[in-house]
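Here's a structure for you.
The letters A, B and C name the chains in turn, as written, and every chain counts its residues from 1.
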Amino acid sequence: MSAVTTADAPIVPQLRQNLTTARLPKWAPAGVAVLSVALGCAIGAGAGLASHIQWGLIAGLLFLAISYGLSAWVEGRRQAKDRFATSLVWVAFVIAVVPLISLTVYTVQQGAGVVDGNFLSHSMRNVIQSGPGGGIYHALIGTLEQVGLATAMAAPVGLMTAVYLVEYGRGRLAKVVTFFVDVMTGIPSIVAGLFVLSVWNILLGFAFSGFSGSLALAILMMPVVVRSTEEMLKLVPNELREASYALGVPKWKTILRIVLPTAIGGITTGVMLAVARIAGETAPVLMLVFGADAINTDPFNGPQQSLPLFIWQQYASVNNSFGYARAWGAALVLIAFVMGLNLIARGIARWRSPKAGH
Amino acid sequence: MKLQRNGRTKALAIGAMALVSSLSLAACGSDNNPAPTPSGSSAGSASAAIACGKGGQLLASGSTAQGNAIDVWKAAYGSACSSTTITYGGGGSGAGVQQFNQGKVAFAGSDSALKPTEVDASKAVCKTGQGIDLPMVAGLVSVVFNVDGVKNLVLDGPTIAKIFDSKITTWNDPAIAALNPGVTLPSAPIQAIHRSDDSGTTQNFTTYLSKAGGGNWTHAPSKTWAGTGGQSASLSAGVSAQIKQVKNSIGYVELSYAQINNLTSASIATGATKPVDATAANAATTFANAKIVGTGSDLSLSLDYATKAEGAYPIVLVTYEIVCDKGNNPATLDTLKSFLTYTISDAGQQAIGDKGYVPLPKELASKVQAVIPTLA
Amino acid sequence: MTSSPPAESEGRVRRSRSDSRRGDSIFFNLSRGSGILLLVIMAAIAGFLAYRSWLAISKDQANFLTTFEWTPDAAKPVFGIAVLAFGTVVSAVIAMAIAVPVAIGIALFISHYAPRRIAQPFAYLVDLLAAVPSIVYGLWGALFLVPHMAGLTAWMDQYLGWTFVFKQTQLGVTPRNLFTVGVLLAIMILPIITAVTREVFRQVPRAHEEAALALGATRWEMIRTAVLPFGRPGIISASMLGLGRALGETIAVATVLSTSSVLSLHVLDLGGGTFAQNIALKFGEAMPFGRDALMASGLVLFVITLLVNGAARLIIARRKEYSGANA
């Protein structure tokens, strides 16, 4: 036994040298990261740079340069490029994390102290805004109803339009629809509000209500839904469709049972992005739902409130510590609300999705 | 895979439960807030002064400058009259007047009197009558500054005009020093901050500059800022935030914003024996001297921005409530009259006095009080 | 731009059953109906804008395209979009230049680099950014980002000032300029671009990736040869969605930017403006004619969006061979 081992021993290192090139140890990226952050801070502090954004930028650039240089020296150019790309992706991750954390922490810090049972369950009726008290129940109800109505209008229309464009669309009509969807992605929200105001409220004479607000929100939502759904449907491989046709399944069933479920994850993401966008809209709501102080659960009659509008009013016109507190509290609730919706929608999408993903 | 899916289902269940529980928590929502307890001495009489109308929805919109005043009134009136819901959409005077002329609101708040074309347009809505201006909320614009080590600052019309038109660019300029003997002014550049949005406050401020600026303000007074250079910020809230943030800055905001944000206001040398401080009492003196230029029930005011009277603060603004003299919407007329009767009453005017507004002088208030019962 | 299965297979399925033909025609008409409904709404808005713009522009006393001032309600209405168009385009370009590469990086991080345990929660977190209302971005921008940008802009002025574009000519001002607005917009549109791009990257056929790796490609070479070409149309579409928001953002820009009617090529100097910001700030006090003028500026924004989208569509069409439906 011992003889065998001693005989094998000299061969192994030879093989290793022949088959693999030199690699950086596993901890190298982490080490380089720590080093460059330390250097970045040192340079920043040494040069007396006031802004921490500069410190971060220096550290990021150092990280990229050092990991490329080190890898090129030890592992060769191809590996160095790979390392460089990996480092870039990590730096992008950090760049995204910093404002994300900063924004979230800022909002939670300012808002967490305000949100309590009373805040969530009371309206602002009879509350002097420049003083303490009151809550956002009326705004929460308003946002729920307006966003719900807008989604109920925009999501099916947007989804079916995307199906039309991808599955059926050829010829002039499809081109024209695509053209207008493109233009509408850039519609400033206030213009959508004005359009509804001029047509729905002035020309047709309907009163201000939550519903007129949701009409404007639906207009803003549609192009986002169409554009993202279209992209996801295009990614469904044609083999799936052809396999389904080969089995004699009619086209409409193929779309409903094969194409849409395959793309459901992406479609959900698209719809949720659109919901997130309209849930935070202030300008069209300001003109159309009017910003009531009291609870109004009927979106078709009378003025309502909405969370973004509430935040705007508390910041712009109240402008004192009580107003700011309520504004941040409402912002926190709004973000949590959209996030909760997002999670649930994603959960359902995953659950219903036929694919295991990878 | 299976494990993960279980995890997801669990997460889903937790999420759904969280949503359901938060909804059920909120389902017991209530309009029932404790009645406000205003800090003024007039608090007790506030509810006594309110005679409720028929109730229902009363919609109004317009000037944001009077937003906080309406808010105080709304709270008091809403507590006394639980069947009435007043909603004030503060979208700006221009938007308010247009909504009024489209028949969408019972009254509009505006920081300038109706123009002749707007009066004509109002006849379509008022049918038997026309739109009139009722002065309701008076206020003042204070010139606020943030200069290290300077607590009191005196400025006059020409100097302010030059500062905001970038003709005076440093704080230790001889023109400023001459008005402030004994004050050490830094040699730093002046950061003059104006409104980036169109606003009645800018209009009143620039009207003052052109009337009292001794020819140093050559731009026509308008809601859009026309001066040269400087920085801008949106809304009074934005200007206040910038004044706080930026050293060596100067700007103009309504008194209520200066008070809320603890900003220091400059005194104005008007030609009276001593500089006038930016206080409600001093502004009231200016309003007492204001002339009514409206005809009939219209009570639009002409303000003397170049006033040299003792203790009269010159940079003032007034917002009007615009209603039909005849032909108001019969469904809301009763509530409208009841609400406006309260707002122009002594109790109503006192209630906004400690929120940075100026209670209207008795003589002027009584004229408005006389008009309101005649509305039809 | 769109792809559909070969026509003959469609026809064969239709012939095979008579009730499926009814189902097909109902479904087809439903989806075409949605398309037409959307078209009608959009066309109505476009027509509405064009009409109101025409009312305004026909009375403009100055050249609408080259004038800097915006005073439509003055006795002699003078208004033009030069400053607004410049500010909108510049801030959007800065935003896109920052956001698109970073978003691709994040999307790759989530789909290909990060350990699964980090990737999932991080993906949710990025989506959370999309849920933040723009007024909160505005407040955060004004109170937090602007003070932190001061050092950076001074630095850029010092080292990049020779480029003219990054020269700062004003003294002692806070950096409430187009560059900061661009950075803020980049943060705002990051989640939109990331979310769509990420979904696209996830759909890359596993076989393509494994083939690349089996040929000895490093991870980066695999991404360059298999993932990015496949995802390119999706990335462009996602960027267009992000651009739409950047061009149309109102309140965040209005809260951060110090506006003026001066067109300055120095992006670190205060001043300038954007279409949406101008509409929001002037709308409340605008007279009916002023509103029409603001509508006209909205129309120009439409045209710009249209041009950019058209260009993007052209690029996607040229890269059609990579579209998944044809793979």
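Everything that follows uses one rule, which is that contacts are C-beta pairs under 8 Å (C-beta built on N, C-alpha and C of every residue); 3 or more make two chains touch, one makes a residue touch a chain.
None of the values given here were measured: they were computed from a predicted structure.
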item	value
Chain labels contacting chain B and also chain C	A
Top chain pair, ranked by how many C-beta pairs fall in contact	A-C
Distance from chain B to chain A - Cα centre to Cα centre, in angstrom	38
Computed distance of Cα centres, chain C from chain A, in Å	14
Where chain A touches two or more other chains at once, by residue number	315, 343
Contacts with 2+ other chains: residues of chain B	64, 91, 95
Shared interface positions of chain C, touching two or more other chains	280, 283
Chain C contact footprint on chain A (complex, rising order)	49-54, 57, 78-79, 81-82, 84-86, 88-93, 95-97, 99-100, 102-104, 106-107, 156-161, 163-170, 173-174, 176-192, 194-195, 198-199, 219, 222-224, 226-228, 230-238, 241-242, 245-246, 248-253, 255-256, 265-266, 269-270, 272-273, 276-277, 279-283, 307-308, 311-312, 315, 327, 331, 334-335, 338-339, 342-343, 346, 357-358
Complex interface listing, chain B residues touching chain A	1, 5, 8-9, 11-12, 15-16, 18-19, 22, 25-26, 28-36, 38, 57, 59, 61, 64, 67-68, 71-72, 74-75, 78-79, 85, 87, 89-91, 95, 102, 104, 235-237, 240, 257, 260-261, 355
Sites on chain C touched by chain B in the complex	70-71, 73-74, 142-143, 147, 171-174, 176, 254-255, 257-260, 270, 280-288, 290
Partner chain C, residues of chain B touching it in the complex	64, 91-95, 98, 188-189, 191, 196-200, 220, 222-224, 226, 231-234, 238, 241-242, 245-248
Touch list for chain C against partner chain A, complex	1-5, 9-10, 12-14, 16-17, 20-21, 23-24, 26-28, 30-39, 41-46, 48-49, 101-106, 108-109, 113-114, 122, 124-137, 139-140, 144, 148-152, 155, 187, 190-192, 194-196, 199-200, 202-203, 205-206, 218-221, 223, 233-234, 237-238, 240-241, 243-245, 247-248, 250-251, 275-276, 279-280, 283, 291, 295, 298, 301-302, 304-306, 309-310, 313, 323-327
